[in-house]
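Going in written order, the chains are labelled A, B and C, and every chain counts its residues from 1.
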Amino acid sequence: MEPSTIPEILGRPGTEERLAALEARVAGLEERSAEDRVALVVFSGDLDRVLAAFVIATGAAAMGQQVSMFFTFWGLSVLKKSTDLQGKSFFQKAMAVMSPGSSESLPVSKMNYFGVGAKMLRTMMKQRNVTSLEGMIDLARELGVRMIACEMSRDVMGIKPSELQDGLECGGVATFLADSLKSRTALFI
Amino acid sequence: MEPSTIPEILGRPGTEERLAALEARVAGLEERSAEDRVALVVFSGDLDRVLAAFVIATGAAAMGQQVSMFFTFWGLSVLKKSTDLQGKSFFQKAMAVMSPGSSESLPVSKMNYFGVGAKMLRTMMKQRNVTSLEGMIDLARELGVRMIACEMSRDVMGIKPSELQDGLECGGVATFLADSLKSRTALFI
Amino acid sequence: MEPSTIPEILGRPGTEERLAALEARVAGLEERSAEDRVALVVFSGDLDRVLAAFVIATGAAAMGQQVSMFFTFWGLSVLKKSTDLQGKSFFQKAMAVMSPGSSESLPVSKMNYFGVGAKMLRTMMKQRNVTSLEGMIDLARELGVRMIACEMSRDVMGIKPSELQDGLECGGVATFLADSLKSRTALFI
């Protein structure tokens, strides 16, 4: 008779049963526990908010987190490299013309004054030796931050893959949630 | 003498003690671990942001998460079905008149141009066969997404229960936190 | 021979090995599990959003959570007590003059109408006996909510420590992430 079965005879679970139960519970906890991961939705296309997103993304990556940034709606402007009106519907053309053509023409959310505010913020950052948005985007790539363009927004706005920067992933809300549900911090920016 | 007590005599914790300690620690971890739960604050009343909230909410519910959406401040407009000025204070009346009367009259956060932007976005979504906001709200209900109207905002703005859609819960910040503290992902939209 | 070594001879891990393995896995889970902690980025300087941040912060603190609020960009206005233009660059002066000088002059994000909207909201809150923003800030301090001013924003905008309220911490994105990665709920407001 194995020693661990003795208490069973006495009517309470033995060592073997308790070990097996603990192993199952710990495996359950491990499967559900968050990974070293940060997930950001970049919904906004405002320079100030996008800067905050990249400061957090590069900071988290530097601290060893797997970071994914999910660009949706106005946030897609950050990833644009060109505008191609061909094949777009009337409204898609209107939206393309009125939206920023790349990260370099993002407005600020307040006091933009037709672009003066954005230029002012960029100058102030330069004067204090803070990396520019474009520098932060490059840094994020170097640090392995995943940048995902929202397919639904792309589709609704009629933005072609050729209008976006190279080396991006595409994905839907399930792509974002798969990451965010396993992440330590998820933010909507 | 039970076998597990032998090491105790030798001066280190026995199997029984270690099992009991592990069981307590695992129970502690289980109590604190996140549930399959997503909690969203819908603070904004802008069509574009509210759409993002419902895409995430319905997506998460479809992935098996318990989803709660907490509508506060401008977000309450999403849940309005009518406007009743009776019994409202002067400021409450002013705010009611200037705010959207239902989900159908939400503006977009940028390029709204007195409602043209919102109509444009709705048309663009329809052209690409994306479910309308109202369709998403219905879908959220079908998927069991909990929709909670913030009591404090309701009280400050003087919005009566009869002005809101049927079948909503009411709650305060403690209601939101009770969910968000146990959730895998919580977002402020 | 110790009883737990018997199964080893039979070719499967003994009680001792399984206990040691479980202890290591549980220690790993404990190290990574979230603390009773809530972390908020207050990016916005709009009265309505800042109020939401303080309602959540004080609510969470009252529920026993360690709360930290990280004020960045427009959110720094909440913490200002005075404006001192000396030593500021031209753009820093311009931004200081155009930004609210303290929590008392924050605008609302919609229908501000040069401050009328903010006054209206404050009056509506008072009529319903809801604590004012300044009352909530005091309450947050009493409840031990940590308030951290973002160093990078301070530096870019040229805001001196003497322009901010007393008793604040200063920190960078690493300060925020250290808290948010260990928190149950993190929000970007």
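Here is the rule we use: a residue touches a chain if its C-beta (ideal position, glycine included) is under 8 Å from a C-beta of that chain, and two chains touch if they have at least 3 such contacts.
Quick caveat, the model's predicted, so the values are computed rather than measured.
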| item | value |
| --- | --- |
| Type of chain A:chain B copy interface by residue overlap (half), same or different | different |
| Angle of rotation relating chain A to chain C [CA atoms, steps of 5 degrees] | 120 |
| Centroid distance [mean C-alpha coordinates] between chain B and chain A, Å | 20 |
| Residues of chain C whose C-beta touches two or more other chains | 3-4, 15, 19, 22, 26, 29, 33-34, 186-188 |
| Chain A partner contacts - residues on chain B that touch it in the complex | 2-4, 15-16, 19, 22-23, 26, 29-30, 33-34, 38, 48-49, 52, 55-56, 59-60, 63, 65, 109-111, 120-121, 123-125, 127-128, 130, 184-189 |
| Chain A - residues contacting chain B, complex | 3-4, 6-7, 15, 18-19, 22, 25-26, 29, 32-34, 39, 41, 43, 45, 72-74, 89, 91-92, 94-95, 98, 152, 155-157, 172-174, 176-177, 180-183, 186-188 |
